[in-house]
Structure formats: structure tokens, C-alpha cells
Amino acid sequence: MAGDGERPHLLEAANLACERGGRLLFEGLSFSLPPGAAAVVTGENGSGKSSLLRIVAGLLPATEGRVAWRGEDCRREPGRWRREMVFLGHLDAVKPALSVRENLAFWGARDEKLLEEMGLAALAGLPAAMLSAGQRRRLALARVAARPGGCWLLDEPAAHLDETSSGRLERMIGHHLAQGGIAVVAAHTARGLGDALPIRLGPGT
Amino acid sequence: MAGDGERPHLLEAANLACERGGRLLFEGLSFSLPPGAAAVVTGENGSGKSSLLRIVAGLLPATEGRVAWRGEDCRREPGRWRREMVFLGHLDAVKPALSVRENLAFWGARDEKLLEEMGLAALAGLPAAMLSAGQRRRLALARVAARPGGCWLLDEPAAHLDETSSGRLERMIGHHLAQGGIAVVAAHTARGLGDALPIRLGPGT
Amino acid sequence: MPLRLHSLASPARFDRFARRILPWTWVLAALLIPCGLLWGLAFSPADYQQGDTVRVMYVHVPSAWMAMACYALVALLSASFLVWKHQLAGIAALAAAPVGACFTATALVTGSLWGLPTWGTWWVWDARLTSVLVLFFLYLGYIALAGSFDDRSRGLRAASILAVVGVVNLPVIKFSVDWWNTLHQPASVLRLDGPAIHASMLWPLAITAAGFAAFFAALLVVRIRSELLAWRIEALMRRRSAGAA
Amino acid sequence: MTGIGALVARDLALAVRRRGEAGLTLAFFVMAAAIFPFGVGPDPLLLGSIAAGVVWVTALLASTISLDHLFRGDLEDGSLEILVLDHRPLEGVVAAKCLAHWLATGLPVVALAPLMALLLNFDMDAWWVLVLSLAIGTPALSLAGSVGASLVLGARRGGALTGLVVLPLCLPVMVFGVGAVEAALAGRPVLPHILIEAAILVAGAPLALKASAAALRIAVE
Amino acid sequence: MTGIGALVARDLALAVRRRGEAGLTLAFFVMAAAIFPFGVGPDPLLLGSIAAGVVWVTALLASTISLDHLFRGDLEDGSLEILVLDHRPLEGVVAAKCLAHWLATGLPVVALAPLMALLLNFDMDAWWVLVLSLAIGTPALSLAGSVGASLVLGARRGGALTGLVVLPLCLPVMVFGVGAVEAALAGRPVLPHILIEAAILVAGAPLALKASAAALRIAVE
């Protein structure tokens, strides 16, 4: 679906290259996504999935190439890009001292039904320090779910999740895409994202 | 294979119960493993997999029940138990400031071929801060691989790993079991541990 | 103390014990304190140098003694909690600490009130005074630590460790006056070679002290009971909320 | 801009959560001050003469003791990435953090200064100078601290930077702060010192914010 | 027992990597020392008389600065679990950490003490007493600090709480350390104070190690 002309492409990455620790991870990587489209980035450990996501997000300067959002270069016009973009890395960005509800509020997400959707309602009052690995990941996902419609950059969102929650994740992404949002997901398997644009990165270490 | 009489059982857990945050996670949980046997603990997020492993390791006091190693109560005779037990939690216990090789040395594992087996040889000199998520997990696994033959307690060891490395993990566990060691592995799928004793924990949150 | 606790280890037993002892402690306190204070404040002789200001002593000294004794008790209870794992001992220490803090505060306040006429200033950084202040902070630290864990029992264990370690300060407080030449007077009652103040002052002092002790015991028992209840309630609430999960 | 307001509110909520109640901080300061008489002896005159120094050093201690986890926590739990990617300027985030840090460490000193001055029988005619100099100086300490803290995150090995960075930034502030108090006690004009102190703060603030923000961006690369 | 030796070596290797603390401590130490003379003014006698106290108090405060991340790093990266499960006694690990902490915060102070004494024109006949008392005292401070640091590890708050918990524990040692120096200045015998100080260290060390170890076990639950 990516690449069809009639719909304007929201996110365009043009011949990206990334060199880290003296190793060239990838070069000449280009892709673009129209509204409602998703891309799934696969590759071995150390192949550069996270690096790619960080470059797109604007955390990491690309060795080469550029990323554009709605036609504007993200580096030159970060304001709008950042307003519409949500990044989820390997880390959960959860504050152990705050309760689950407070954590969401911390990121400006006060909507109670987020807790419902992620199955956190029963844990809402618990300090995040008491969450299990998967529960913490779900909390991180709830933060993302709070801002649908823009561009989601998710790095192994399903890490530590059980079957039920993986289902929740898929629904959540589906709902997001349905609203015309786009998603770039780094994962080890493309499952749950059947019709997504596959981006396969070279050998890892 | 677990439960056959003629071989003495190395690890015996007798009616363990665990209550956390006022919720009873499991009770009356008993299992025992003869040399070369593995158990795989599955269950939803928050069902108590990590808690069970931490109880067996001796990090968390059980609400009820006891764990014995070679017939001795682990709490009463921790010395021998700890000498033969290796614990790997959700966290990698990796020091970012140290290089990969130094990290292994930090945990007393100086054997170069560990790096080979885990595919870390090329990264040996890199500061651990530069590792990717999967690479860091492999480093954590290398620490475990350094001490085969005893009792391994692994909490989602395959997290962040790609196909190749999951294979490495399976081989590593197989080799460990072949040496008469035992392993208790928490995971979301039992794959790769076909003939392991399945321990299914109750509902999560 | 530990042995005594051993028989009280179960809350139920403690409750029975409490019901038996509580009236007596209240009665003792209600008798001794007024009688001691009345004697001390009204009928005991004024000091030949200090005049009537000396009467502050009858509040000051007993509370100072209680302050130290109470910390010793907290430490003892905490130790037995850590060694014999008697939840009750730990909870008792937790219950005793605030009372001890109050006694310390009283000693500080009355002391500085006393200082104004006698030393001409209400506070000097004299070793005795400062070390009592430190004792006060030791109490605060213990209470704060116990309160700053998400899990009550973990907090209690951590605080108990602190209480035991903190004992190192008691000798400093008790003997500070002997180690430094300070404004504050050296012990004239609790000394190896018998008390050195006149009986007419010693008696009311002793009686008030005994009264304070009884009062402390009563408060302690009451607070232990309420603490126990608080713990049970919290456990129930947790179950409730978790059950809803 | 309400955006920044939200940031501040948020960081404050967290700061309150992590540093504990004001009461705790208060106790800590009096405790720290109480240490000095043990060292230098009870002589009231002597204590009075070093009172300003004591208060200032306590302020410095308070601001450095919690410096390390000004940003490190955020870096290690991944929040820093999210903050860097916030559409609001990162300088705002840093400012919020500094404000939170100051409210948790600086403000209590300013508020307690009179009490501590009294306890250390400091010449009470000059107490307002002490308070004023602290009120201007402690924010500068927090700002300087944030630069140091953020630089350390970026530089993996060069942790030693912190000291080297914080020292030259803090020393002048303290020198002029205490200088002002001395002037007041000696009956010399106070204004010059205060003005220089204020100048350092005003000129330094934007610099510190920019520097910290830049350092943080490097830290999350 | 070579096991413990290995632990120490390991933690030292790590400590060397993180020179930040040493830098910060030194910076703080220097600043504090630089600030005091202001208050006291030029009078050399006065300065000299408080020199010992100043040095000691600064040493104490400096050692509390870097306490918060004595164990926190290990807790957050998961190493602490592994260390607790080590078959070698956890006390050994704590001892190693304390040694590392002392090398980063205590040793610099001991090394700088003569210089500072000189600056504060301290009676130089007694400088060796000052150094000796610090050499015996600072390890005790590190030990007391480790108790505090490990106790607040599992708690919701650090910062002020750590200080509040640690400072009282440090008091006795400092009292006798300063006592020794004052005795030397007054020409009274120094040995008693030094002996008591040493006794506190020797008797306190095992207690502190046990306490920290117990606290760490609580923290990883």
C-alpha cells in the first residue's frame, strides 16, 4: 500500500544512512507512509532497528539522508513533528515513585479509559514500583495510546507482553491506523502487522 | 521426565505460596526436578512468574512453603545453594561503564569462548553502554553460561533476542541440562523447551 | 524484654495483657505525676542560687531521662524484632518512638526555658544540648524512614535496623557532660557514687520520674493497640482492592 | 506559555514525591547546622562569626547532595528521551527541573536562614542581608548544578567533570553572597555585592539552561 | 578469603571508572573551606582555632554528598540482586563498596587536610594529629554512610532522608576526631581521643557492615 500516489504521504524518509561505533548499519534506506499505513522494521540484534527509530524520531542525527513529516524536514521544523509524534523506546519511561494513574497524568494522559483498554484499571492506584515487567510495558503503551492519529514510533512494543496484552496492542495500533495515523514498529516478528510495509535491516552482530 | 523415582531430585519446592500487594498469586505449588530436567513457568502478566523465581532464588521470602536443594533447605543452608545457583532476572546486571569483556570479568567469567558462543566476540572491547537491547541480553546470558551444571533460574531469557540468538540460548540450556544441571525458565511460550516440566500460573492482572 | 515479648508474641495474648495492665498504669500515672509535681513545685525548697527556677527541674529531668530510656527501649524492641522476627516487637518500637520524641522535645523546651534565667540564653551549642537535639533527629529519622516505604513491613524492618545502629549515640548523650566542660551540669542523681542532691529535691524528682514512666507505659500500650489495628485494617483494605482486581 | 507551566507543575509533583515533605528537609538542615558546633565548639561569638559561612555551606550541601539524580533517573528510566522529544523547548524542561530542585533544596535554606542565624547567634541586624543573598544565590547554585549534572550524563567516562564544572560556577556566587553579609556586619555598603550576585544569576541563567539542554540532547543520542 | 579480595578489586575497578564523586567531593571540600574564612575575617588566631572543626565538618558533609548513588546504580541495573545471591558474604560486598566510597571521598580529604590546615593557618605542630584523626575517622564516616544509603535504598525518597539518617550516625566519630586535635592544640594528651576514635571504627565496622547487608536484602525484595 505504501507508495500509491493519490494519497499524500505523511512520513518520508529519503536514503537514510547510519554509522554507529564505526560500523555502517544501513545506507540508502528510503520509505514513505501514507495515512493509515504502518511499517514494521525487522532485523537481527544490532542490525539498527532502534537506531533507525531514533533517527526518525530526531533523537539521533542521521549520518546521511533526511526525514520529512507532512513535507517538512523534521530537523528543520521540529515543532509540528514533535507535536504529532509519539516515541516508545526499549525503556518504559515509568516513574516508580508515582502510581499508575499519576504516571499517565505525568505524561498528560488523564483519560481513565486508557487504563481500561490496557487492563490497568485494577492497578491504577498501585505505585509503579510494584508493577510486573509486562504491566509496566502496558503502562508505557497506555501513554502512547493517549495520542492516536499522529506518527507512532514503537521499539519492540510487545516486549514482556502476554497473549492477551499483545491482542490489546494490536487493537490499539489498528485503531490508531484507522484514525489515519501511521506507525513504524520495530519487532522481531511481523505478526499482528500483516499488511504493514516490511523494512528488513542488514546483518547485525 | 521430572518425577521419575530412580534419580535423586536436586531441586524440590514444597507447597509454595506467595502473596504480594495483598493479592495471593499462587499457593500449594510443589514441583521437583531431577538432574538434567527443566521446568518452564508460564502465565499471564502479573501471574507471579518472576515472584516464583525470586522465591526459589531466595530473594523473596515465600508466604508459605519451602525450597530445598540437594535435600537441604535453601534458606537454612544458603551457602551451597548460592554456589551452585545462577539467577537472571528481567534486568541484565550490565555495567554500562565497563566493556563487554570487563562486564563478564566483573562477574568472574573470564573465559573468551563464552563471548564466541554468545556472538559477542566482535563486541568484546565495546563499552556496554553501546550495546543494543538484544546484545545486552546476550551479555547477561553469557554470565549465566559461565556457570553450567548447577541450577539456572532464568526470567524471560529470550527477551529482545532475535532468531539466531534464541537458537544460541536453546543450545546453551541444552548443554547445561546435558551436564546434569537443571533450569527453571519463566517465559510466555514454552517453545524451545519441549520436554520441560510445565508450570502454569493462575490469572494475572 | 525479649522473653517477656515471647509470651506476648501473639496480638491476641497482647490484647489480654493490655486489658489487664492498662488500668494500673493509668492509675499510677494519675497518682504519681500530680503528687510529685505538687511536692516539687510547691513544697520543695527553692535552690540557694537558682531560686524558684530550679523547679523546672521536676519536669525537665524526668522527661530527659525518659527521652533516653525510651530510645533504649525502641532499640531493644527493634533488635528483638530483627532477631526473633516478632512482628509485635517491631510494632511496639514503632509505637514507642513518637512518645519518646515528645519526651525529647519536652526536655529541649523545658531545658531552654530553664536556660534563659540561669545561663542568660535559651540556647547554647553545648555538647549536652546538641546531643539531645541529635537524639531528637534520630527519632525523626526512625519515624520518617519507617513511613517512607510503599510496603509497611519493609519500612519497619529498615527502620528497626536504624534504631539498633543509632544506639551508638546514647553514650555520647549521657556522658557528654563529663567529656566536655560544658555549661550543663553533670549527673548528680544517676551516678555510680550515689546521688548528690538533697533528699528534699530527690524525692519529688523520683516520684515524678516514676509517674512519667507509668504514663509512658500507658501511652505505649494504647498506641501499640492502635498500631496493630492500623496494620490489620490496611491488610484488609489491600485484600479488598486486590480482590476487586 | 502554559506548556512550561505544565512542565513545572509536573516536575514539582515528582520532586515533592521523591524528596519527601518540607519537614524532612527542615530537620535535615537543622541537623547539618547542628554538626558545626561539635566541630568548632560552643563559643557563641565564634559561631556568630561563622554563621553566614555555615548557612551558605549547608545550602551548597543541600543542592549538591541531590544533584546526581536531577537527570540521571530520567535518563535511566527512559523519560529523558521523551522529554527531549517534547514539542516544548527543552530549556523549559531544564528550567522546570532547576526550579523543582531549588524548591526542594534552596527555598528551605532561604526560609530557615533566619532561624539558623538565630540559633548560631548571628548578628540579627544583618539577617535580611543573609536571606537576600541566599535568595539570589541558591537559584544560581541550582542552575550551575544542572549544568554539571547534565554534562556528566553525556560524558560516559569523564565523570570528574562535575566538580570542575560546578566549582567555578558556584564559587563566585558564594563569595559575593557571603561578601554581602560581611559588608553588612562591617557596616560597609551591601548593594555592590548583591548586585554582582544578581548579575551572575541573570547573566548565567540563560547560559546554564542552554548548556544543560545541549548536554541532555547529547546524552540521549 | 580470596573471595572478598576479588569483590574489593572488582568494585575498585568500577569506582575508578566513576571518578565523578572524587571530583565533586573535592570541589565541595575546597568551596566549603574557602567560604568559612570570610565569616571569621582575617584574624589568624580565630581562624586557626576553628580550622580543625572546619576541616572535620567539611569532611563529614562531603562524604554524605555521594552517598545516594553508593548502591542505587546496582539496584537499578539489577546487579544488586546478583550480589545479594553471591555465595560470598554480602558484608564483603558492602565492605568493598565502602572502601571504594572512602577512596573517592575520604582519601582526598585526608590528603588535602594539611593544605587546608595551612590555608586556615592552623597550628602546624598539630597537623599530623589532624591528618591522623581524619585517617581513622573518614573510613568510619564511609561505613556509617553505607548504613544510611542502604537503608533509604528501598524507600520512596532519597536526598534529605539520607542526610537525616546518616548525620547522627557520624556524630560520635567526629566528636572524638575533633577532640583529639583540640587536645593536641591545648597540649593535652592526644592518645585517649585517638584510641576511642579507633575503637569506634573497629567496633562499629562489623555492626555497620551487618546492618548495611541486612538493609540491602530488604531493598531487593
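Note that the chains take the letters A, B, C, D and E in the order they are written out, and that residue 1 is the start of every chain.
Simple rule for what comes next: contacts are C-beta pairs under 8 Å (C-beta built on N, C-alpha and C of every residue); 3 or more make two chains touch, one makes a residue touch a chain.
The structure displayed is predicted, hence computed values, not measured ones.
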| task | Select the chain at the greatest separation from chain B, using centres from the mean of Cα atoms. | result | C
| said: With centres defined by CA atoms only, which chain is the most remote from chain A? | reply: C
| remark: Between chain D and chain E, the Cα-mean centres are separated in Å by 23
| note | Note: chain C sits from chain A at a C-alpha centroid distance in Å of 58
| Centre distance in Å when chain B and chain D are each reduced to the mean of their C-alpha atoms | 45
| Just curious, how far off is chain D from chain C if you go by their C-alpha centres, in Å? | 37
| For chain A, residues that touch 2 or more chains besides their own | 90, 97, 122-123, 127, 130
| Residues of chain D engaged with two or more neighbouring chains | 17-18, 20, 24, 27, 31, 36, 38, 76, 157
| For chain C, which residues are shared contacts with two or more other chains? | 127, 134, 137, 140-141, 144, 148, 150, 241, 245
| request: Show which residues of chain A lie in contact with chain D when the two form their complex. | output: 54, 57-61, 78-80, 82-83, 85, 87, 89-98, 102, 106-108
| request: Would you tell me which residues of chain A are touching chain B in their complex? | output: 20-21, 43-46, 50, 90, 119, 122-123, 126, 130-135, 138, 156, 159-165, 188, 204-205
| field | Contacting residues of chain E [partner chain D, same complex] | value | 17-28, 30-32, 34-36, 38-41, 46, 49-50, 52-54, 56-58, 60-61, 64-69, 72, 76, 156-164, 167-168, 171, 174-175, 178, 182
| Touch list for chain C against partner chain A, complex | 150, 241, 244-245
| query | Can you list the chain D residues touching chain A in their complex? | reply | 6, 10, 13-14, 17-18, 76-79, 81-82, 84-87, 220-221
